[in-house]
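These notes are about the structure you will find just below.
Order of writing sets the chain letters: A, B, C and D. Residues in each chain are counted from 1.
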Amino acid sequence: MSGNTLGTLFTVTSFGESHGPAIGCVVDGCPPGLALTAADIQIELDRRKPGTSRHVTQRREPDEVEILSGVFEGFTTGTPIGLLIRNQDQRSKDYGNIAETFRPGHADYSYWQKYGIRDPRGGGRSSARETAVRVAAGAIAKKWLRERYGVLIRACMSALGPIDIPFVCWDEVDRNPFFAPNADIVPQLETYMDELRKSGDSIGARIDVVASGVPVGWGEPVYGRIDADIAYAMMGINAVKGVEIGAGFASVAQRGTEHGDEITPQGFLSNNAGGVLGGISTGQDIIASIAIKPTSSLRLDRRSIDRQGAPVIVNTHGRHDPCVGIRAAPIAESMLALVLIDHALRHRAQCADVLTTTPRIAALAPDGQQRLPSPR
Amino acid sequence: MSGNTLGTLFTVTSFGESHGPAIGCVVDGCPPGLALTAADIQIELDRRKPGTSRHVTQRREPDEVEILSGVFEGFTTGTPIGLLIRNQDQRSKDYGNIAETFRPGHADYSYWQKYGIRDPRGGGRSSARETAVRVAAGAIAKKWLRERYGVLIRACMSALGPIDIPFVCWDEVDRNPFFAPNADIVPQLETYMDELRKSGDSIGARIDVVASGVPVGWGEPVYGRIDADIAYAMMGINAVKGVEIGAGFASVAQRGTEHGDEITPQGFLSNNAGGVLGGISTGQDIIASIAIKPTSSLRLDRRSIDRQGAPVIVNTHGRHDPCVGIRAAPIAESMLALVLIDHALRHRAQCADVLTTTPRIAALAPDGQQRLPSPR
Amino acid sequence: MSGNTLGTLFTVTSFGESHGPAIGCVVDGCPPGLALTAADIQIELDRRKPGTSRHVTQRREPDEVEILSGVFEGFTTGTPIGLLIRNQDQRSKDYGNIAETFRPGHADYSYWQKYGIRDPRGGGRSSARETAVRVAAGAIAKKWLRERYGVLIRACMSALGPIDIPFVCWDEVDRNPFFAPNADIVPQLETYMDELRKSGDSIGARIDVVASGVPVGWGEPVYGRIDADIAYAMMGINAVKGVEIGAGFASVAQRGTEHGDEITPQGFLSNNAGGVLGGISTGQDIIASIAIKPTSSLRLDRRSIDRQGAPVIVNTHGRHDPCVGIRAAPIAESMLALVLIDHALRHRAQCADVLTTTPRIAALAPDGQQRLPSPR
Amino acid sequence: MSGNTLGTLFTVTSFGESHGPAIGCVVDGCPPGLALTAADIQIELDRRKPGTSRHVTQRREPDEVEILSGVFEGFTTGTPIGLLIRNQDQRSKDYGNIAETFRPGHADYSYWQKYGIRDPRGGGRSSARETAVRVAAGAIAKKWLRERYGVLIRACMSALGPIDIPFVCWDEVDRNPFFAPNADIVPQLETYMDELRKSGDSIGARIDVVASGVPVGWGEPVYGRIDADIAYAMMGINAVKGVEIGAGFASVAQRGTEHGDEITPQGFLSNNAGGVLGGISTGQDIIASIAIKPTSSLRLDRRSIDRQGAPVIVNTHGRHDPCVGIRAAPIAESMLALVLIDHALRHRAQCADVLTTTPRIAALAPDGQQRLPSPR
């Protein structure tokens, strides 16, 4: 194990480089009896795949997934599910100069010093291309969570660089290339991105991800908290620099009377907790928010050094996302799904026999008003 | 395993409730030959222990640690180190009413629904008292990292509620009860806390934690990133709602030309990355920042329900920290130390034979100016 | 993690040296709601403890266990159970010369070369004293398995050195100091041991361990087989050199028509499989058998070397078991229980929703005739 | 994780069914810088592959391996190595009746009751076909162990059913289809197998596996012993029912003076320990021996039941090994290699800094006489 397996009971073991023959993974621990076809996975991969608008990389990858095992006559068998995505559009020559220099903001230098060798083609293992694997595995998790427990997982962009995106409704998210939950703001985003692209620069973004319908009781004290695992999963997405649960950093300036979500027989009155107390789900929406840094691949000149330590000027041509956050919503959904299914299984392992007569506290009314944390 | 073990190779397995006979842990995987006495651990425990100022809980716990195993004639033997801290000041009667109701913002409800049983005395397992164990284990990690690799780990408060605390110098941190790196602001903090305490309310805080001298190359792609493990460890601290690495959420509004840390033969020119690229340390300071929510234990009335679902008013008397963030700096240091020692061992397991001739890039000049991320 | 944690979901993390202040463990992942007192554990510890007959070590250890956490008002809470056993009868002076030499058959040399330091008092960490911890943890597992699933776990001695012990009945096992399932053979065993003890030599033994009532379906392909985990657990007992499941080594000379257990609507017709097919339990008795080597501590002269590599003659005085196998039955039961509870939890995590209408095949009639594998 | 990952630091995560599209695995944690090509793996796969003599299954599988990732310009990069073997010779129609009945000695019934669904084609996941994956992964481990530490791992058949095979020399092993270390006995084995095949029955076998050149110090107390991990790995091979280390079950009847390997400045005088003391390697040959049951697939009539519980007579046509032990030597070597590389990495993680001046005790003279444990 060298960091390429996610999860404890429902595990994803990933492999593959950006410009190698293929990427893929082994999904182990999936409950048997889940109806599953390649199409179920493909639909999620298509949401993330490159080339779907002018605002993302123009690399042409159909990202076609093949199920190699673990499914028999349309149902999972409980044995490992091998998933394979062949790389199609490798232009390794685009990356010739990467081999000798370290691009600022990239993992070139840290990989090189760690391993003494690295596959520089397209960033090799550190490329965001690997996130296709997460989406493929996450599709299985999402399907099981929805069918078995009614859990619904959705993500949207809440900020593109300096532009805050007020939440309007989930339905809008898949209708624009930004996963923005707000149709009115889309023209502004498009203009911003067009100008950015011309400038050769890149920009960060913020993504919110929400799981609704999570039963109370998933998670574990004291290190294996469900929010700790969410933080781990989210920070493990390429380019993520920050993770919040519920009120997040806004809770620094909150008073206890404001932050602590009061309870009535009708339900919780707020959700500053983001659906987690003591590392265990409360039944409210689980809400996380992540900060994604601007893409490090720029065609503008940047100072760096080469492998001998001599100064160089680097700039990166080829095909890149000027804002990697744009395609991040499906990835964030997948990572949340993978954490949740893992804790679903862990919970029923230990607590399958637990039965309390205490009524389940209702989650907030699904009117959207308090669905996403307002304080930023 | 039900969430109470931290780490992969250097592990801490924790046990104990706030008002049970004892708390403690087993530290496994410690390298042999480290000079270690109970005093080495006690010095860190004393930094976290309650009752050291009027701004924290008045519970009287000496937090005396006993080493039960794994040390022979003053040196670690490589076998598990059992650590035991007896609880001294249990006033279980203070918590009688907790057993029947669910305090807002606390883990009462989620524990109850998960396990069908809970130890309500002082919050039981969900009490921040458990963090003493982390500090004890972290003391071992810190000592080894410092002696073996020269790694220095320090934390400070950077905001107390609405009051930002500008960083001045590390030396100040242990001279005031707030772990504030700034002597001038301490009177303001004291006034704020005195008024808060009178009001019966509580407040959040922000803690920055920095590791200096970390070698390049620690960490793993793609899920087991060192920043992902830091996020996991930090979000696993009681009351933490957000984690940032380097520029954190400020990177949302940054452009790539601003965020990507340029490199010269003299060193990195900035540290927006927070010392991590591609999940692997760069040799720069590793910088994390965490948001700590306000204490949920308030003597003010709050709405809730009891175990039968009927509405109740709860308020919590007894001894609490009005700002749990005040004692959090040693905990954050310990969690970072535990992540780092784990990755130190993981790295040399896989890469002990790696040798590159590329010069190590210098970290930023230790003038403090850019040591902590400025954009908030 | 450095080898001191057993299990995946129900875990035992052990610490302690033979002559340190204490031994103990953290049991994590125990289902909540199990009635548990120290007496439940003590009863099993008393079966293993030293000094109960003249045939075992005369070290006087009451092996009194203290429950430090995880139990509230007589029931497990689902949080980690800390168990502590103080060492009472340390005579470290007996072991002075061990520090400088390597006793044949002991772990002295391998520990020394691995760690560069070792606690030589009574064998330190490598002492069989650590097995008390396993019995304590195993007592919890046994109780849960019995109460929740009706699983019964029993072990007996089937050979003492050259003396085969034919199985008669389980009731006899706890009536003699050898855990022999056969009253008639006890005098022969006593005579043998008395002569052996006088000679200063030691002897091996064979232990059979059986779990009855295990549901069909526990275990996992392809590496995490339940028989693989049993082999791991058993070989992890001090002095064990061999493990068999079902027919074991006798299956080498069997034909398929003899070995393969036929099935009828009335049940399996034999149990060469030892209750496991494809790594998954069949519902028949799970049967394992282990070989325990003779104690390495002898008062007879043996050739060895000292830390400088010079030849020495060593002999070990002090208090030892001339046959460590005599006290091994409770340990083997505990290890089997720990494996089974772990797989019980793992199974319901993944397969909680599985329901087939195929009738469960009956286990062999419990007349004892085929309960233990006959071919040796 | 549902049992399909082997190892802690050097891990193999396996997938694939006998008659699905492919089998394969992800090897994670491999040290960077190892020279590796598909040919290095293929050479080991060819030793195991079916159809190489009339004594094994006639299924025609070239077992061609494709390296999908983790290797760049002929060297491992430290990132996960994806290995893929497409299935070629699926005759699923041969297995039609398996779907409705439970073959005696097979995993049909236990899989069915566990998962409620199974892929019956060729045994699906429980087929020995999966062992090709182990050999592929093991080839990487063997190469690294040999090149980095000079460790040599070899296995041979030591008994075919009732025929004991005296050890003569290793050179002979790859010259006959039985992996017999003895040329003289091969005609007898061939005659035996020809008659067995005609009878329609099957037979067990015994395999010895030896690692030479293992450094002292690999392994961990108290559960993670290297011999416990070997037992786990070996018992995890299809059809294995017993595992011995060193003297194994012969140690039951040994006295301490016979069993304990004496030490002189010239080296150990015997190797009853099988190269392991206290769970840690001694520097002597590590010696294990395994019992392999007779193949359960027989064309002779056997009693069983169908999915409704009704009595049926089953017999299995198609292509099977009448003695699965014949092809087991490369598998046993691979499993031992996988355990050893894992412990090599684990050891240097914790003990990289250990340096003792005690001389290493020589292993037994490599004259072969005592290389394999004599007492059976």
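The definition used in the following text is that a contact is a pair of C-beta atoms (placed from the backbone, for glycine too) under 8 Å apart; a residue touches a chain by one contact, two chains touch by 3 or more.
Quick caveat: nothing in here was measured; it's all calculated off a predicted structure.
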Chain whose Cα centroid lies at the greatest distance from that of chain A:
C
A student comparing B-D to A-D should find more C-beta pairs in contact for A-D
Whole-Å gap separating chain A and chain D, where each centre is the average of the chain's CA atoms
39
Computed distance of Cα centres, chain D from chain C, in Å
25
How many angstrom lie between the centres of chain B and chain D, each centre taken as the mean Cα position?
45
Quick check on chain B: which residues sit in contact with 2+ other chains?
1-5, 8-9, 14, 29-30, 32-33, 78-79, 114-116, 125, 221, 346, 350-351, 354
Quick check on the complex: what are the chain C residues that touch chain A?
9, 29-33, 78-79, 148, 221, 345-346, 348-354
Under the stated contact criterion, what part of chain C meets chain D in this complex?
1-6, 8, 12, 14, 102, 104-107, 109-116, 125-126, 130, 159, 161-162, 201-206, 216-225, 227-236, 238, 241-265, 269, 272-274, 276-283, 291-298, 300, 302-305, 307-311, 346-347, 350-351, 354-356, 358-361
In the complex formed with chain A, which residues of chain D make contact?
1-5, 7-9, 11, 13-17, 20-26, 28-30, 32-33, 66, 68-70, 72, 75-82, 84, 114-119, 124-125
